[in-house]
Amino acid sequence: MMGAVDSVKHLRQIVADLHRELTRYGLVIWTAGNVSARVPGEDLMVIKPSGVSYDDLSPDTMVVTDLHGNLVEGELAPSSDTAAHAYVYRHMPEVGGVVHTHSPYATAWAARGEPIPCVLTMIADEFGGEIPVGPFALIGDDSIGRGIVDTLRDSRSPAVLMRSHGPFTVGRDARSAVKAAVMVEDVARTVHFAHQLGTPDAIDAAAVDRLYERYQNVYGQ
Amino acid sequence: MMGAVDSVKHLRQIVADLHRELTRYGLVIWTAGNVSARVPGEDLMVIKPSGVSYDDLSPDTMVVTDLHGNLVEGELAPSSDTAAHAYVYRHMPEVGGVVHTHSPYATAWAARGEPIPCVLTMIADEFGGEIPVGPFALIGDDSIGRGIVDTLRDSRSPAVLMRSHGPFTVGRDARSAVKAAVMVEDVARTVHFAHQLGTPDAIDAAAVDRLYERYQNVYGQ
Amino acid sequence: MMGAVDSVKHLRQIVADLHRELTRYGLVIWTAGNVSARVPGEDLMVIKPSGVSYDDLSPDTMVVTDLHGNLVEGELAPSSDTAAHAYVYRHMPEVGGVVHTHSPYATAWAARGEPIPCVLTMIADEFGGEIPVGPFALIGDDSIGRGIVDTLRDSRSPAVLMRSHGPFTVGRDARSAVKAAVMVEDVARTVHFAHQLGTPDAIDAAAVDRLYERYQNVYGQ
Amino acid sequence: MMGAVDSVKHLRQIVADLHRELTRYGLVIWTAGNVSARVPGEDLMVIKPSGVSYDDLSPDTMVVTDLHGNLVEGELAPSSDTAAHAYVYRHMPEVGGVVHTHSPYATAWAARGEPIPCVLTMIADEFGGEIPVGPFALIGDDSIGRGIVDTLRDSRSPAVLMRSHGPFTVGRDARSAVKAAVMVEDVARTVHFAHQLGTPDAIDAAAVDRLYERYQNVYGQ
C-alpha cells in the first residue's frame, strides 16, 4: 500500500498528464479548464494551478489543497474553481476525480439550460439517462459546488451542465471524470447535430436501464 | 501463400494500425469504436480489445476470436461489439473487414433514423445511392448483427446507420471498411451542412448508376 | 532558365508538397482531392496519381501527362480528374495550377447550387465578388472541364462550385490555386455560419471593386 | 531595465511565437491574421510582415514600424493591417498588443453586424459584457483603426467585431491580445451553438459586474 507522500507524488503525475486529454479532445482553450484528484484516505486533493498554460503543466506545478481549498503544498495558487471541486469531495465520498471545462457543445446546452436527452445508446451506456442541468451560481463561495452535488444526487449521470457556465464531471478517479468530460462533449455535439435537422426519438426507459447496467458491468477489461 | 499463423500475425498489425485512421479523422473518442478483419480461409477474426485506449493498441494487444465471438488467442477481452462483427462475417462471406464508430454527423442521422440522401457525386461513387438506416437493436445478442446484414443486403452501400446508435461499415478487407467509415462521416457532414440552409437536389438514378459503375471499376491503381 | 526536364523535376516536388496543405486545412479525406501544375512552356502537366494516399505522395509518385490527359511519364495512373484539369489548361492559358477538393462547406453550397455571396471583405479581396456555381456534369468526358471554364470566364473568382460535386480552383501557379482552395472553404464556412442565424448584408459593388484592386496589387511582398 | 534594442529583439521573438497560438486554435488560414506589440517607451511597434506564411515566421522576419506604419527596421513590407494597429497604439496608450484574425465564428457575428450577447460566465469574466460590433470600414486609411478605437472606448471588451470583416483584439501586451482573440472565437462559437437551438438568457448586469471584477483581479498567479 502506498503512503500519503507516494500517493500525492503519483497523483501529481496523473493529474498533470490528464490535462492533455482535455486539449487533445478540444475541451479547453488557453487555461480554461481543470482536473483534480482526491488523495485516497486523506482530506486532500491535487488540482491544476490557476491561469497556467497547459503547455507548462508538470507534476511539480500541480498544487495540493485540503478539502476546503486551503493550500497545503505547491508554489502556485490553486485553480479558481478549487472551492467547487472541494465541495464535491466533501459531499460525495464515492467521488475520486472532478473535471471542469467550457467545452463548446456542452456549454451551449448549459447556456440554454436544457438537459441533453437520452437519444443515443452511448448516452444510455455512460450517463444512464438524460444529462441534467444545474443552477446558475456565482463563483466565490459554495454555490457552484452545492449546485453540482444537488443535481448529481438525483441522477445516474456523472456530468452536470451548470447553467450559463459549462459542464462539471465526476468519477471514481480522475481518469473516469476525464472520460465523462470527453463523453459529455461528444454526445452534446452529436445530439446538437441531430436536433438541427429534426427531433430524434428518446430511447425507452427499459432499454436505457439495460444498456446502462450492461455497460457499467461488462464493458472494458 | 501465407499460412494461418502468418496471416493472423499480419492482420494483427494491419488492424492495430487502421485504428489510427479512426482517430486521425476524428471518428472515435476515448475507446468507442473498433475495426476487425476476417482471417482469410479460417473461421476467425482479429478485433480490438474492449475498452483499451487507442494509444495503447499494438499488434500484441489485438485479440483473435472465432466467428461466434469466442476468444481464441489474446490476453484481453474482445470488443463489446464482437458479436455484431461475427454475425456479419458469418452471413456476408464477401466481407473481409468491419468497422464501427459513433462518428458525430453519421450518428446524428442515425439518431433521427434518416437515411443520407444521394445528393453528391461522392455518395454515388462510394455508396451507389442513399445510405440506409438499420433498426434500433440492443447489444447482447445477434440483434445488431442481424440489423446490419438485413439492411446492407438491400443496398449497394457499404455503410448502415444503426438507429439511435451509429454507423457500421463493411468492405472486402479491413482497409476498405475503414475507408467507408471515413467516407460516411464525410458525406454525413457535408449533407448536414447542405440541409441546414436548404434542400439539395438528389442526383437522378441513371447518373448515380453511371458514377457508381465508373468509380468501382476505374478509380485508383 | 530551367530546361523542361529540370522544370518537371521541380514541379513534381512542388505538387507533391502542396497536397500537404490540403490535409492540413482539412480540405480532403482519404485520397479525394488533387493538385496539378502546368509545365511552363510545354504542353504538359504534373498531377497526383489516382487513389494514392496523401501519406504516400512523393515527387516520384507524381505523374506527367500531356494536356489531353495522356500519360507521358510516371508509373501510376493519373488522377481520375485529369481530364478536367487538362481541359482548363487547354482553354485558360493564364492558368498554371488547378486544385479540386470536396471540402465540406464549399461542397454544401455546391450541393444546393447556391453561389457564396460577397458578404466579407476577405471574399472581395480574394474572389472579387460572389463565388459562382458551375453546372452538374458527369465525369468521363470534357463536361466537367467545360463547366469550370465557362463559369470562370464570366467571373473574377478563381473558384467555382461544381454542382452536387465540389469546388475547383485555379491560379497563376499551383500554390495560388491551393490558396484559393483554402480560402473558398474558409469563406464558405464563415458565410454558412452567418446565414444560420440571419442574413448578412452584401458589400456594395464599389467597395468590392476597391478591395479587390487593392488586394490583388498591394498585398504581400 | 532593457534598452530599446534589447526590447525590440525580445519582442520580435515574442510576436513571432505568438502567431503559433493563432494557428493552434484555428483562428487563421494561410497568411490572413496578424499580431503586433508596442515597443515600451518608444513610438515603435513590432508586427508580422505582409503575406508571409506562418511556417516561415521567425524573429528575423518580423518588421518594426513607427506608430504611423512607416518601416523602421526589417527587409519585408509590414502587414497590410499595419495602419489599423498603429492607429490603436496612437489613441489607446494603455494597449501594448493588437491582434487581427478572420476566425470563423467571430467573423460570422461580424458579417451579420450582431454583438455577441453576454450569456456565459466566461464572457462576463473576460469581456465584461457583450462583445460589440464596429463599423464597416475600408482598408487604406485610418477608417479601420478609428472604428476599433471608437467602439472599444465605450466598452470593457478587449474585442471588437468589425462589420463584414472580422475581430480585432487588444491587451496590455501582445499575449493578452492573443488570449482575447482565442477567447472571442471560443465564445462566438459556443453562443452560436446555443442560438441554433433556442435563445439563451443573458446574465443579469449585477452578476456580470461581480464576475468581471473577480476574474480581472483574482484569476491567475
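Here are a few things to note about the model shown:
In this document, chain identifiers A, B, C and D correspond to the written order of the chains, with residue numbering beginning at 1 in each.
In this section, a residue touches a chain if its C-beta (ideal position, glycine included) is under 8 Å from a C-beta of that chain, and two chains touch if they have at least 3 such contacts.
In this text the structure is predicted, and so the values were computed from the model without any measurement.
Set against the Cα centre of subunit C, the chain with the most distant centre is A. Comparing the residue numbers each copy contributes, subunit B and subunit C share less than half of them at their mutual interface.
Each chain gets one centre point, the mean of its Cα atoms, and the points for subunit A and subunit C are 44 Å apart.
Subunit A and subunit D, compared by their mean Cα positions, are separated by 31 Å.
The set of subunit D residues that touch two or more partner chains comprises 196. The list of touching chain pairs reads A-B, A-D, B-C, C-D. Partner subunit C is touched in their complex by these residues of subunit B: 25, 119-122, 179, 182-183, 186, 189-191, 193-194, 196-201, 203, 207, 210-211, 214-215, 218-221. Residue ranges on subunit A touching subunit D, taken from their complex, read 29-32, 49-52, 76-77, 80, 102, 104-105, 107-109, 111-114, 136, 138-140, 164-166, 192, 195-196.
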